[in-house]
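Paired with chain B in one complex and with chain C in the other, chain A is shared by the two complexes that follow.
Right, the complex of A and B next:
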């Protein structure tokens, strides 16, 4: 680990350099909404944003991806698992970088490898943008991250004065940052960043003990409180689709003008059709069971199955829920609860 | 009436209805978990009615929740919410006799996201509502904004600030705009077909198919939406241009002559897709062809579910 430095007005040129070798996915502002997109030129990237509306998970899990395709009359289907051009995800917030560590445990943990995810993952490097400001919806410290957490990042930019200190974290990060004309950072910058991290962390509400919360949740599966806590839920997919760790999908065979395609498409546990069975029976018929599933999955089952909470505290679901069904309030009502 | 007095009056009415046993539940708003957010709540005891609030951030259309409550229900409703109630009663989804409407005149709701953007992402801690101003206080700043600049798009062209159907009215009636306020539609119509296509497709590009628009809509109550059907599958499920457009066009056609223009769809959308342009264009066509606006009178049949010999046929027969 070491530090380099880059001036704000040099970032565009730096990205232009990367574009020669990599596909660069960075935050861009389109019609007033900030989101991640592949850029063609360094100056398209914007770094003065709080966080993007949608998470960058689409880089590894596109909302729609074709797994197989076959032309009418052809015997062999084509599998779309090929290696990809190397990608740099630039400007993801530390919570979102950390979310990829979680997704790796689901799709690429050494035992089970999802080839579509895995091939993209092998070609991805993440340069995150540390948070020097927080929002009132942030709760990353509860879920094990932090505003300047380096978990999941290959390199991280931290805004300092008129430039960024570039924290080079992995060999992949070094490959991106070395021999690109960046100057070395001044002596003692690591200590400055540690102090800055403490100062920014103090803006965020104190962390909640998640292992205690998990016990409470496990004891509360049948509690009547789920009904009243969730009855305003619209059963839309805002929380799950914007979430950097939600990863459920469906597979649909579709016909694309003469080409049969097998697509993998994001799905959401909040949709009634998600658990609909062929018999017509639905084990999660209302918002109550569906919303409970989302909470239990993230804060209990993910811990059992992947030894990591399925939430990074980015706060998107808090900010964007159309009816302000705040996950922190739902969780708060289970703290210290023992069933009933 | 200021928001505090209005909240108190709503709480008082709700408390009375629950104490008398006239209703089992009152659907209203309570203080949200974030500044500039009010959140739907369901009050079942008189003691709980004190949490009901009213302010400029009550943008959800609460009539959307009525189908969840089979008994006697009280509902806090602004003008557009009552228009949805009229349609729901007309379409036999809601029984007028089971309903007590606490009507609240509305000067338009504020889009909190717009205010946050104006504050450059700084944390907002408090908003004080004055007549035509919002005083925003946050981390080391305090600004005064003109209320009218931050209204939801639907509220800018609203002509029913006052409830069209109510049992109790809270506060004084507000001044309403003219009924034929379709300047947004005429602006859209004056553009070339190429421009209109480009605009709609650039909006569709941001849609993530989360269905918040549909699920927030009081008139989208189908047991199974065509967009979810798999046998047959009417629309592709990806968030790609033509599939997304097909979903939104089909939905807006399904709402033709029924959409009450409350803007709940736009308010719910996380990526602020302008879905309303489609609905508004259809609304303006229906107003012109049938001299009809949805959600105004229970005894007025909807043009697409009734027939009159002198109905306009200009869209069928070309001269």
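Right, the complex of A and C next:
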């Protein structure tokens, strides 16, 4: 781990250098919305935002991808798992960088490795943008992260004055940052960043004990509170689409004239059809069971199965919910509960 | 790296109508490529995804005994697009398969025990796999008594008629076939599965029950098994849930923290009692 430095007006040129070797996915502003997209030129990237509307998970898990296809008359299906050009995800906030550590546990484990995710993962380096612009909806410190947390990042930029300090974290990060003309950072910058981290962390609501919360949730599966807490939910699913850790998917086929394809598309536990069986029976028939599933999955089941909370506290679901359903309030009401 | 979403090609050897109304067929499949057959193995109670690229894929319990792992039976009820296309397959056609998936019946726990098999309707498929397996001479001696209770709504909906006729003749298996409603030609037993179970004489200390069937049958069979003295750890249920991936990733088949596709589909009642009632 070491530090380099880059001036704000040098970032565009630095990205142009990366573009010669990598596909670079960076925050861009389109129609007033900040989101991640592959850039063609360094100057397209913007870094003056709090967080993007949608998370960058699509870099590893596109909203729609073709798994298999076959042309008419061909028996053998083609697998669309080919290695891609190496990708740099640039400018993701630390919460989103950390979310990939969670997705890795779901898709990149040894037992049944998801080759589509895995091949993209092998080709990805993450340069995060330390969070110096927190929002009221942020709660990353509750879920184990922090505004300048390096978890999941290969390198991290931290805004300081008229430039960024470049924190080089992994060997992959070093590969990106070395021999690109970046100056070494000044002596004592590590200590400055540690102080800055404490200062920014203080802007975020104090963390909640999640292991205690998990026990409370496990004891409260059948409580009537689920009904009252989630009754305004529209089951629109926007929380799951914007969430950096939500990863549930559907597999759906298409038979276009001449080519048959099997696609994977994002799905949502908030939709009634998600668990609807062929017989018509649905184990999660109303918003109550579906919303409970979303909360329990993230804050209990993921902990059991992946030893990591399925939430990074980015706050997108709080910010964008059309009926202002606040996951922090839902969780808060279960704290210290023991059933009933 | 192997791709868990890539099916292997299977050849349709046979497509047999099981029920009088034609709504259920059993497909017998063989491996189109020898190497896929060699690499494949399964346990009774496991399932696989059948795939028709361009139409879709769906999970089915493997209905044949693993003694012959090169010929696989899948019993398919026609309810939607994929199952209708599967019904339309003819011998010689190709269909994709990926699997085997899931845990299967708890073979280790079953050794040296008496086995009570309770199946209803379409849910009998993997129990047929287990029964066929257990009746193999080398395997049969691992178990004490074997009792099979199998029911359907009416005689026309009874599956695997040839097996039932053969099992009836055996002395090392007790077979109780029942229908909810008889028709004019039915000479067998009439009555629901739970009532037949309630009338059995079994030794609860040495018996393990394997149960699969529709929710109504399960609801009334479990109390009957409890009445017979079977503890929850001695009752195993094979569950159904909507599935897509079969490998614990797509996120829809969980009951609490347990995924039916990887942790199940077979659970003991003791395990299920610790999980939420969301199935």
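Definition applied: the second predicted complex is superposed on the first by the 338 of 340 C-alpha atoms of A that agree within 3 Å, B and C clash if a C-alpha of one lies under 4 Å from a C-alpha of the other, contacts with A are read in each partner's own complex, and residues count from 1 in each chain.
The criterion applied here is as follows: a residue touches a chain if its C-beta (ideal position, glycine included) is under 8 Å from a C-beta of that chain, and two chains touch if they have at least 3 such contacts.
The structure displayed is predicted, hence computed values, not measured ones.
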First, second, both or neither for A:63, with chain B first and chain C second: first
Partner chain in contact with A:219 - chain B first, chain C second, else both or neither: neither
Which of chain B and chain C A:333 touches, first, second, both or neither: neither
Which superposed partner A:254 touches (first chain B, second chain C, both, neither): both
First, second, both or neither for A:241, with chain B first and chain C second: first
Partner chain in contact with A:170 - chain B first, chain C second, else both or neither: neither
First, second, both or neither for A:296, with chain B first and chain C second: second
Set of chain A residues, in rising order, touched by both chain B and chain C: 250, 252, 254
Touch list for chain A against partner chain B, complex: 30-33, 35, 49-50, 53-54, 63-64, 133-137, 228, 231-232, 234-238, 240-242, 250, 252, 254, 263, 265, 268, 271-273, 318-320, 322-326, 328-329
Interface residues, chain C side, partner chain A - complex: 1-7, 9, 51-57, 79-80, 83, 94, 96, 215, 240-242, 244-245, 247-257, 259, 276-279
In the complex, chain A residues that touch chain C: 67-70, 75-77, 79, 81, 106-107, 112-116, 118-119, 221-222, 247-255, 260-262, 267, 269, 274-279, 281, 283-284, 289, 296-297, 300-301, 304-305
Contacting residues of chain B [partner chain A, same complex]: 32-35, 37-42, 60, 64-65, 68, 117, 121, 123, 202-203, 205-206, 208-212, 214-216, 228, 230, 233, 236-240, 267-268, 270-272
